[in-house]
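Two complexes are shown next, each including chain A; its partner changes from chain B in the first to chain C in the second.
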Partner chain A sequence: MTLRTFGFSEFGFLLSALQWTILLTVIALSGGGFIGFIIALARTSTRKAVRVAAATYIQIIQGIPVLMILFLSYYGLSLAGFQMPPLVAAGISMTIYASGYLAEIWRGSIQAVAKQQWEASESLAMTRAQQYRYVILPQALRIALPSTVGFAVQVVKNTSITSIIGFVELARAGQLINNATFQPFRVFLAVAALYFVVCYPLSQLSRLLERRLHAGSAY
Partner chain B sequence: MSYTFQFGAIAQYTDEIVAGIWLTIMLSAASIVMGSLLGIILASLRSMHGRAVRLMVDAYVEIIRNTPFLVQLFIVYFGLPGVGLRVSATTAALIGMTINLAAYSTEIIRAGIEAVHKSQIEAGEALGFTSLQIYRHVIIMPAIAKVYPALCSQFVLMMLASSICSAISTKELAASAAFVESQSFRSFEVYIVVTLIYLALALALRAILALVGWSLFGRRVARTTTTSLAEVQA
Partner chain C sequence: MPEVLIDNVHKSFGAVEVLKGVSLSVNRGDVFALIGRSGSGKSTLLRCINGLEKINSGRIEVAGHAVGRDPKELRKLRTDVGIVFQSYNLFPHLTVGENIMLAPRIVKLVSKAEAKTTAEEVLGMVGLSEKFDAYPDQLSGGQQQRVAIARSLAMRPKVMLFDEVTSALDPELTEEVLNVLETLARNGMTMLLVTHEMGFARRVATTTIFMHHGKIWEEGPSVELFGRPKTPELQQFIKSDVK
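Moving on to the complex of A and B:
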């Protein structure tokens, strides 16, 4: 019996699996971004009940493992009678996970905008929606950008957890190739290198944005 | 939906779940202690020694922080036997968690050390502190006090991430959940219960870390508050 060795075609398989990792990341960030934005607004609402509800949501999501969100949506959806492909369960759970963390990052950014900005825009007779749209959010966006890009790195890495429910992204592809070649060290180093190639530029970008943010605030 | 929840079916597996909770706590506690000690050592080495050391520490931190924990576990558990190092699933989990957490705490503590103002060190020298005293009282303790909240968040994230170790058959809480699920076929109920246990563990860990922080840095924090108040009043 001859074993397959880890060569070009195996590396090609890893590369095609990397596309699924990236797709899942994009789904998580856009879905999680949408829900997270609403939760962040709720978290800074003037009504206490809304604030408490949003804070509870964030506390729960940040207090449970991503793996449990994954299992709960995987089994929960099938209980509710949906036969979902793993991509849907993976996409939904990654969205929920990202929403909890993005909401907290953006709450911090909204609250970091100087209080006088609220007062000044209020004295200009702006409605609360106008205050958000024209005064607060543009400034909060600048503050939020470095940590949001930094969190994107966490999302890329955490999509690897979806391999546990059988979704074939980069980490699962590595396992499949390892099962065929029995060269775990080489295969998983290659997998790690591919993740690094995606994550490192994002980490550096986050750092660059952060430096620029602080440079800007000196004026 | 015609599904009836049956949480009673899980009750007979209490022993398995308690064993899982225990291993999750032990792994988290051990990796938090070792990971933060390593973080203090690496961040200090990085700030004191030359270029080569700094490059090595930075490479370690960047490699670990930019690759998934799951893949790191695979390399430790499946990869190391290939180079002659066979470890049990529990040891692999402990190694993986410590290596991972050490990289994050190095990065966090580095930021704390860099935030210590140079004039503080000069003031320490002017007071006749030895370099060891300066390192301890002026640099490392205030640095850790400053970044302690960030460290705590990382500790909680590590405890939650320990669930991923079930993928290399470490018998911690998530693995207990998978076992009970395979025995009872009550998937949703099992994962609801285990998720609530994780939530309780996260809240408990946060409370313990707050208590530890208060006993380590409580007075320091109190003192800074009074100074800043005094500055405001002046």
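Moving on to the complex of A and C:
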């Protein structure tokens, strides 16, 4: 048996795996964003029971490694009779993981809006839903944007953990090629470079948003 | 039937009782000034009138609405009662025009055209017609406060509450805000204002209330109350203000 070398077709394989990394990131951020948004609203509810339930959810998700969520949804659920493809298990796990962190980021952003904004809008006879929709969330969004984009960078990198259940995203693709070529420096430098190409612009965007937010701050 | 009726109201924050049985009645077109040291309970009393603070006992009725805890009833009351705060509290992400039109549009469900006409009208009343498309952070403190007044007026309230609205402003800007208040008063708006501007209270308020230790200590027509203060506490308070 002869070893393959790391060439164009191998790099092409990494590129196609990168698409799965990006897809998984998009799933995690949109699914996690949806759930996280609801949890963030629950976290700022006027009802104590709802607040406590949301806080508990956040604490649990943040308190366990993503890997455990991944094992639970892949091995645990398959034992319980739900056999699912790695992409689904990976998607679910990353969604749950992202929801716990996005909920906390957004909770902080909602609470960062000045208390007087609640009072002023309440005094104008708005319902609580109207207060959120027209007054609080537009301001919270501006506050949340830099840290949300910053968190997206973490998600991109953390999708690599799904390689453990055999999901062929970028990190897993790197492993496979390294097994065939045994050129770890070339292979993993290429993998690292691809992660960097995705993450660096996001980091820059996050910093730009942060500067813009501070520049135009009346509040 | 008075426009604002406050009957034996008690209010505590934790163990501290800040209102100890306050009663007063304000008729339509009256202008009441609430004066007193900080911590005397005057701001709290004002905030109880539109339900921002919940009272522990007693009764408050404004423009025919009882102030209670039911959110729906409170919203009805708040369409009739405007409040302006010390810190303006304009919505920073909206233009002046949007700030003013928002509540009429979404709460009173008036048409866009009507909301715009009203906004232009109330903005004219506070002398800021040309600022319709400006953002709050492009305005001075005095201008922001006048926009806040206009925003309340756009709801066509029957009663207006002013909570130390000039305390964050320097004397010149204070003057422009007080002028707006005086015009409102002269046009017959029912008003309650917590203020440190004694000269203004004396000149514009029909009645002045001196609050002390959570009670109405002295109450009367402004000219009389400032001219012949009866209690030593009020005499002391007025004297310290002159300095």
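Please note the rule applied: the second predicted complex is superposed on the first by the 216 of 219 C-alpha atoms of A that agree within 3 Å, B and C clash if a C-alpha of one lies under 4 Å from a C-alpha of the other, contacts with A are read in each partner's own complex, and residues count from 1 in each chain.
Just so we're on the same page, contacts are C-beta pairs under 8 Å (C-beta built on N, C-alpha and C of every residue); 3 or more make two chains touch, one makes a residue touch a chain.
On a predicted model such as this, the values are computed, not experimentally measured, just so you know.
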Let's test your reading of the overlay: on chain A, do chain B and chain C clash or fit side by side? fit
Could you look at A:F8 and tell me whether it touches chain B, chain C, both or neither (first, second, both, neither)? neither
Is it chain B or chain C that touches the larger share of residues in chain A? B
Contacts for A:Y134 in the overlay, against chain B (first) and chain C (second): which applies, first, second, both or neither? second
Between chain B (first) and chain C (second), which does A:E122 come into contact with in this model arrangement: first, second, both, or neither? second
Minimum C-alpha spacing, chains overlaid - chain B and chain C, in Å: 13
Per the touch rule, the chain A residues reaching chain B in their complex are 60, 62-68, 71-72, 75-76, 79-81, 153, 157-158, 160-161, 163-164, 171, 174-175, 178, 183-185, 188-189, 191-192, 195-196, 199-200, 203
Which residues of chain A touch chain C in their complex? 114, 116-117, 119-128, 130, 134-135, 138-139, 142, 216, 218-219
Chain B contacts chain A in the complex at 1, 3, 62-63, 65-72, 74-75, 78-83, 156, 160-161, 163-164, 166-167, 174, 177, 187-188, 191-192, 194-195, 198-199, 202-203
Chain C residues touching chain A in their complex are 50, 52, 71, 75-76, 78-79, 82-83, 85, 87, 89-93, 102-103, 106-107, 135-137, 151-152, 155
